[in-house]
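Two complexes are shown next, each including chain A; its partner changes from chain B in the first to chain C in the second.
Showing the complex of A and B:
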């Protein structure tokens, strides 16, 4: 399976995905397996990964990765992987703001905080490993479902895109997974994919 | 430059180069680069405002000696609190502040792309800005040309037609109709006289963004067969007669209409009835009595 997908996207087994901005969207088939593929491909090519989980727990990804022959706990210990628990971060920021009585979703600082922590992890990984990491976000549609404005989510993706292109020379890689827009009832996801595609 | 579309080379032009997402292989950024190179030869300064992250490559492709590039994409909404250009800063005051523009200079402004401005500001704001840049001397000097890139399919029809209305030339990129060319485009140009020309062209882009092998695609108008053109006579095969023979015309002229003045008829009537009012119509000499059907001109 691993080999077939790589052939399909025209990537060699040992090739790093520098400068890639991969958007994963779905039609009628569940596309989340590609998230695991990109995670496993990056770790196998010794590219550090900053994984932003917005829908599943660390245990979920770890179990699946073990089937691919990668232990995420070991990767974390050897500074090859940073697991950003996005929902927990968002929850913390939201709860803190809820006390003030404002609607936290309207506040862009929630997204900038998330961006800030991704950016910090990205830079740390880069420094420790000496090469540009991969950022994987699973899944970006959660932000829209949470009530963030599509425009803000697009801006969030724009900043991530800028982050991987920040340095001259080797570029990082960004993988965004957006679940089916039709199921979510509006075209927001579609807009998102179109605006910030490769 | 070999771009045959000489139409572009006039003052105050506003050119919108539209890009279809689906045809990213035929994207407009290459054409934008060729515009920049040709403008750099013609004017004193080319000011390039970049809102799109992908426009960072422009720097590596063009001769930057006469170009000033403003990075508006790395902190597009000022989330990082940097002082660089962002979508919330108005371009015109920004350009005036950053440059020492005086009246004798000839400049050109390139915006890549309008999509971000439309997204973060509004379509009407964007149109106002590009209109001001192109047609008023808001920068304090002559603006030779304003060239913008727009991803048409990211906006609704109303927005794109609003932007198209502001522009004097619109180049829509599309797939070339032949294999020998790498790009194809539809060009709409509105002349000052009000005439609109529309041409479709195929061309190739070299690695240095020179446009070559420009070939106009002539639209083939299929001639309809003459059988379809011949008009069918609606009066043919009628069950009644529409025309009159001479004999019938003569008979008609002898018919006396009721209430018209006639000695014989007047006497007949007067002798029959006593104590009743009668109406007789006697036309005056100057009266233009028309025997024709008065409703003839109506399409009944």
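Showing the complex of A and C:
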């Protein structure tokens, strides 16, 4: 975890980010280090994490987290971390689509399934640990790049936001990482950035 | 031969696969692209499990050449090769691979056995070591090829290679709504190849079974032959190609395979090209000078090479090459990628435009009437 970032966003090292909806957006510089920062910060403050990886595999995050001092495998075993392998899930839907010609997979149903799995993991973690988890999504822009409708993706984010604000007590935290490419001519990414505004 | 008693404590956890070496920067397994100068620029080689995207030049010649180098390297290292092309017959591409330049060590010295037992007076500690290194490395990382000769078909046939041509793609019967049929079929075939050839990291491998790497080459993906209309379907974007690339990424991350794709990016909408780049790991673009006015400073080179993206695998940073100004040149025998540099100034007259022209001094008279710059 980067101490300088903690100073910049005025968060103490042991503080939990309750009720936070953090949006990380990048345009020309790679911002994935912030995702790792939030992941290690949450794990160090003993907040359970539901990590949805859409752009890289588990091994990549594990190796980098080890450099930060956290072992994701042990965190998984002690139920502090649920790692949703988005790359495999979405990749499999792309592959399966060609096998089953008569059972086409709808875009909306893919997003709904993903939302369901995140929701169940969140509730499980909350029950087992007693405190509200953090949801981190690495690269929600992948959904836009793959062609999911922007409105559907924004609805997806809204549902997640509702999920963390469900209880009156301790609220969870949501961190979304969106990357805006240099030459993104269409406005879909810009709409997503607006969401992170307030 | 052991000259020291030092022994490494840890067991070598890195897999020993011929033709692959671990990266110097991170613990990543790398394979060569076939062009050693390119390997050094992208950090030692292409990482296993990634997608290498090559944005072709306008006429496609250099892109095809680089793909041939990739295939030749597969032959030399014994990796499995899977080549697809819709524009050209992949079997034809396999017949046109450049021949490797193999160092001939020459006949061994005849008096190897009658070494006189000269007692070393100064370097006596090395007395017991053999005079010549007895095991030359046969499978190196990165080979050099001669473009004037083609590879021996026997050598090409010695590795496990398979191709998919346009005819195979037309016989698809699967229909998918989310992706173009041809991409869907190709993805299915790649998945099948990975499973059949046991390249997946999840399959149990016996100790004696040697692991090998699958090299997948796709020539001119996204060209009109694939049913692609520059990323557009009417007025909206067609996301088939991005889904295909994502599907490939998901497959490759858990397989001992590398994919090299050449794409004619000038056919696509620039925003779409940005998306494609994000979905691939290493992205390089070739811009040839053919057909355009040559900048006189770059007349040695045949084009520019631009690096758009390098992968960040298992680390926060990607490899940074020394310079981003790179050009390629195709000589009679080889293709190299070099740092761009201006040719040396050899002529006497300055070639810079802002220099004032030096007038000739008039021959008559000792007083100078001409306007020379060093006139007092």
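Assume the second predicted complex is superposed on the first by the 171 of 198 C-alpha atoms of A that agree within 3 Å, B and C clash if a C-alpha of one lies under 4 Å from a C-alpha of the other, contacts with A are read in each partner's own complex, and residues count from 1 in each chain.
The working rule: contacts are C-beta pairs under 8 Å (C-beta built on N, C-alpha and C of every residue); 3 or more make two chains touch, one makes a residue touch a chain.
Bear in mind the structure is a predicted one, so any value in this text is a computation, not a measurement.
**Student:** Report for A:162: first if it touches chain B alone, second if chain C alone, otherwise both or neither.
**Tutor:** Only chain B is touched by A:162; chain C is not.
**Student:** Answer with first, second, both or neither: which of chain B and chain C does A:151 touch in the superposed model?
**Tutor:** First partner only.
**Student:** Return first, second, both or neither, reflecting whether A:90 touches chain B, chain C, both chains, or no partner chain.
**Tutor:** Touch partner of A:90: chain C, not chain B.
**Student:** When both complexes are superposed, which of chain B and chain C contacts more residues belonging to chain A?
**Tutor:** Comparing touch counts on chain A for chain B and chain C gives C.
**Student:** So, does A:108 touch the first partner chain B, the second partner chain C, both, or neither?
**Tutor:** First partner only.
**Student:** Identify the partner contact of A:60: answer first if only chain B is touched, second if only chain C is, both if each is, neither if none is.
**Tutor:** second
**Student:** Share the list of chain A residues that count as touching for chain B in one structure and for chain C in the other.
**Tutor:** none
**Student:** Which residues of chain A touch chain C in the complex?
**Tutor:** Result: residues 30, 32-33, 36, 56-57, 59-60, 63-64, 87-88, 90-95, 97-99, 101, 104-105, 107, 141-142, 145-147, 179, 181-186 of chain A touch chain C.
**Student:** Give every residue of chain B touching chain A within the complex, in rising order.
**Tutor:** Touch residues, chain B against chain A: 21, 53, 56, 73-77, 79-80, 115, 119-120, 153-154.
**Student:** State the interface residues of chain A toward chain B in the complex, per the touch definition above.
**Tutor:** 108, 112, 115, 151, 154-155, 158-159, 161-162, 165-166, 191, 194-195, 197
**Student:** Under the stated contact criterion, what part of chain C meets chain A in this complex?
**Tutor:** Per the touch definition, chain C meets chain A at residues 27, 173-179, 184-185, 187-188, 191, 237, 239, 242-244, 246-247, 249-251, 253-254, 269-271, 273-275, 277-279, 312-316.
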